[in-house]
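Order as written gives the chain letters A, B, C, D and E; numbering starts at 1 within each chain.
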């Protein structure tokens, strides 16, 4: 459903993506692994249209989205919870969630979506009128994920969702991702927590300094010695 | 000997009691872990110690006789206490080297006039701190990027730069807030090692907040667990892992260091 | 007592002019963080349109609406042509653009409309009311009412509507706002249009007080900044309250203390208030998370 | 203060001679040696032309004054030039815009005096600019005729300065005489613009009362140029229950004050300054205060009857058909007229000394302005003024009607 | 190390070369007056850049400090008959003390609140200039003589230009070294992140005050030089227009660059003059104002980081071009990183 083909991208003259091709099938969970600075976030930026690919194509449901403005990409149904949370610090928790639902047409159902998010992250309910900027790091992370869920996207892009979350919640996060996926949302996941990410994924890619070096079924990648060695620590 | 003594600390934001009569002590040369669920108040504790927040109640005693309440935020480094930030806070418009050099701010000699006239003593100072900073970069293994802007450095590198900047202040006590966030297990392992080396080679005490249990359990000698701002357990890594309250509130049933 | 009340009433009227002018300023600020120094010049331009229509024997409401329609176009053009292309520039640089706009608009106004001053009529010309010696102009009540109405509408939009939240989100983090599907450029266009319209309304209502000329808004505009800051940029009630306060205060200081030192005293007081309330009288401050 | 000025003037005279000599030799080499005369021409003068300069705001807020003012000046010079100039010399006016900034005025003045080498400065506009360039003009001794401003300092600036417009101090004095003698005032409130204009006017007014030995100022009320709310001034004025209120301000605040007076129905005689003696003022002020405007009197120094203004009107029609004809246009016209009167008096003796001494002997009565005289070193400019009153004609138009003769303070 | 690569040496050589131009070439007195004004505005702009560009603190009231410097210079050399150089130093030092007071206010305020508070400060001080006639002689203004240094009267513009150049050079060097060492780093750190700066021992209190004091000092010196160049001043000159122009100078030239301040000053003083000289525009009324406005906007749009950074901007643009061409071929782009 989402397709990258030979994508190159630059920051100024730093060549961050050097011909990346990947596919995200409808209804699947796809994980992208890679070391610090490999270019994972850059890929998400290119998909969302924040950074324009200098060459190559990005297609969604068989049409080109590489020239679309970020907000248009969102209305196509591709939404991301960006790296570094990027919550709106001077909006309250509830208002942040509301912004998440900005593109939704089914305004009536938004109320029930709040409920879903609050069920996933009860602490957000307690904090709903607090300014988001004063939340703890982990609470902000939950808010960023919750906000993306509010959009009811076709494809959800998650950039290191477990970052800064307590172990208990990390487990929940992966469960939540599976649940969302089960309800029909396709998920493209960037994670450092490779074990758990691969455990719930269908397919995975490994990115090294701007190039895809390994790809395959998640279950196979998990056993790939190269990956084991580089990303899965002493297992 | 306790290098840091937090005694009966409390602080509230509006109606929310973020820290609730919390006490703990950190022994000299220890690597001490402060863990707890999201929103438990860990960062807030750091903010109180480093004087960004003024607690409603309680004392924070550093080095036996220094009452930190009497110091202003920017004076805290002068007594040998320094922190990093949960969300990296680097000086974006400056180069990597300049970011690290800032750490020596309080120890850099030379008044305004001397600097403006660039007297020999200022020149010498500049040379000294530059070399010191390069030494730290060597130690952290990030030499070679000193003249690049920090903006655009990979997240992990930024975390190291922040540690380097903190080391540059010649601290006795280093507070690290989630140093491993955003690192994969391999990188975390390296960081664990680095933290130990910092303690040993720079001869200091480290308190760290972290959610990555592999780092906490491997690096820390003692761990304090807080929830809703109050201490629920304290002990060695093994004790903490087996503590039922901690498992329930934080780790989950099958407590593990495998994450 | 009569003099005291007369000063208060007049202060409220003058203050509402500052407030009106401030609302547009605050709107742009709240959307994009830019202080639009050219807000006054743009309002002046719109007022000249109203004047020109009026001079061509159009009825007052037509002149008023003409000015508003012109403002819609002007706001759109300014945002598209001058502000948006500089989206990469930082906030201070954008403020410099608005300084450049001052020069362009005042120069153009001189070239097109000439340098003379012109009388312009009030919106409401009914007879003055006399309340025990205190004279109240119906027009003053009208202006105060309009100010409060606009304030209410803006307050409602910003606080309660999706568009309002989108505006605030855009102000705080443009990039992420886009990632949430907000068409940031539309939000900017819209807020410049609305702000310019507010400026036009302010200009047309202020004109009977200042006369219409290329310089008509200079002093009102300056006071409107002060009003916005005194009340706090963070709300719409703040600037209105700030405007009223300055209007009233100016008069009371002038009447009871000194006409000559009035300016120094009022500005001194502003600074003093800011020292104690650094985000304005209505600004909420909270402990910043570190 | 005045001692300083006179010693400066002496210096200036010495300088003048030097400069003259230099310039003459240059002129001699540049010009056709055909007309060999013994008169030493100053810089900027040839046999067929005289180059003069003016510095003043032509952009920004002050363009409101500068534009019509320079139109009036150009209209006069164009007329003269089309008639063949003065003694066969056409007049070439170079105007430089100083944007009302003193530093730009200085550089502009230097450009005129040293680079363009003009013969004289005519109608410099803007008090700050005049004050800032005063050193240069004093040092060089170049004649400077007419100032678009009425600061008292202009009258003491030196031999080569020829103010025309009445200064505000003097006007204030004369105003007091009119107030007392024509309007029988005893208790007077002065509302004055709190800047060089109003303060000079107020001081002059008080001095006038003092010399007349009658009448008291019961309230002195300052108005800032930035004010838009005049409640305080009018409330206080009303409380003083005066016989006459002096409105010593410019268009903006004066029309604002009138509106406020109208609002509270304050029925009192008022006098305002000559700066407002203009139809454009009346047009604005009368609409805001249609009732009380009839209590307004205005000082006037330009003898603007239909007949006297005819040449100006014709010239404007000819050269600037789209421009308005207002008090500023008249001022520009008078500036040119006065300068040319000096030229004619100097004849061919167009050295600076020649011009200055011709001016020193001059009493000029033919122009749009009343008598101007620099005899005996007087630098007061116009001292004859008249009081007019606002009246309404049968069609309801407001106009000024002269109610006294042109008279001096004495 | 190559001596010519040293910024200070470069500045010095440049200053000397420029200072000699009027002596070698025949330049109009009026043009030299403008050049002198460029120097004077450059001085205040450098100070202002320390405040805005380095410390990240905005002020819309700095004209007041320049005015203060001018009045002090006039009073000291005129009434008290102090020597010129001493009075010039004092016309910097006294505003500096007032600058400290404004700095104290700034400590509490941020962003736009600071901007407007300082604007209010500026307006209030200007009003004081108007009313405090004992010091300022009100609207009648004060005068000053040509400066006399060690018995030599400086009456020629060429000589004043040399004097100005020397003072500018000294102040440039002082700023350069100050900003290159501890203070400069602390200011930039404070601008980028107040929290992190504090954690590193940077006292916001101290450095905000330093920034305000330094900028007020530079402004005062500029005022003193203005006073002796123009030899007259009155209150209207020291209002918002100048403060806003100052802001424009610094931004147009380039925030946080010393050279940019000088370029910006040149831009704001000279561009309207150039435009006035364009014959075919002169038929448009108010054309100089309109086109200066366009010029300012043009610069910001195309050089958002200031004229002084055009070089870097072009370099990066060229590198980008080269790289995107490379990537059309095979993926062999250099792994270069930006510098500076």
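Keep this in mind: contacts are C-beta pairs under 8 Å (C-beta built on N, C-alpha and C of every residue); 3 or more make two chains touch, one makes a residue touch a chain.
From a predicted model like this one, the values you see are computed outputs, not experimental measurements.
The chain with its CA mean position farthest from that of chain E is A. Rounded to whole angstrom units, the spacing between the C-alpha centres of chain D and chain E is 37. Look at where the CA atoms of chain A average out and do the same for chain D: the two points lie 75 Å apart. Once the centre of each chain is set as its mean CA position, chain C and chain E turn out to be 31 Å apart.
Between chain A and chain C the centroid-to-centroid distance comes to 43 Å (mean Cα coordinates, whole Å).
Residue numbers of chain C whose C-beta contacts span two or more other chains: 106-107, 110, 222, 260, 263, 287, 290. Multi-chain contact residues of chain D (touching two or more other chains) are listed as 59-60, 63, 67, 194.
In chain B, the residues touching two or more other chains are 13, 43, 52, 85, 152. Interchain contacts (touch definition given at top) occur between A-B, A-C, A-E, B-C, B-E, C-D, C-E, D-E. By the touch rule above, chain E contacts chain B in their complex via residues 8, 174-175, 177-178, 180-183, 185-186, 188-189, 191-193, 195-204, 210, 256, 337-340. Residues 162, 165-166, 168-169, 172-173, 175-184, 286-289 of chain C are the ones touching chain A in the complex. By the touch rule above, chain A contacts chain B in their complex via residues 11, 14, 33, 35-37, 83-84, 123, 127, 130, 134-139, 141-142, 160, 163-171, 192-196, 230-234. Across the complex, chain B meets chain A through its residues 13, 16, 36-44, 86-87, 152-157, 178, 181-189, 211, 213-214, 249-252, 258-259.
Taken together, the chain D residues at the contact with chain E in this complex read 59-60, 63, 67, 97, 99-103, 106-111, 114-115, 127-128, 131-132, 134-135, 151, 153, 194-196, 199.
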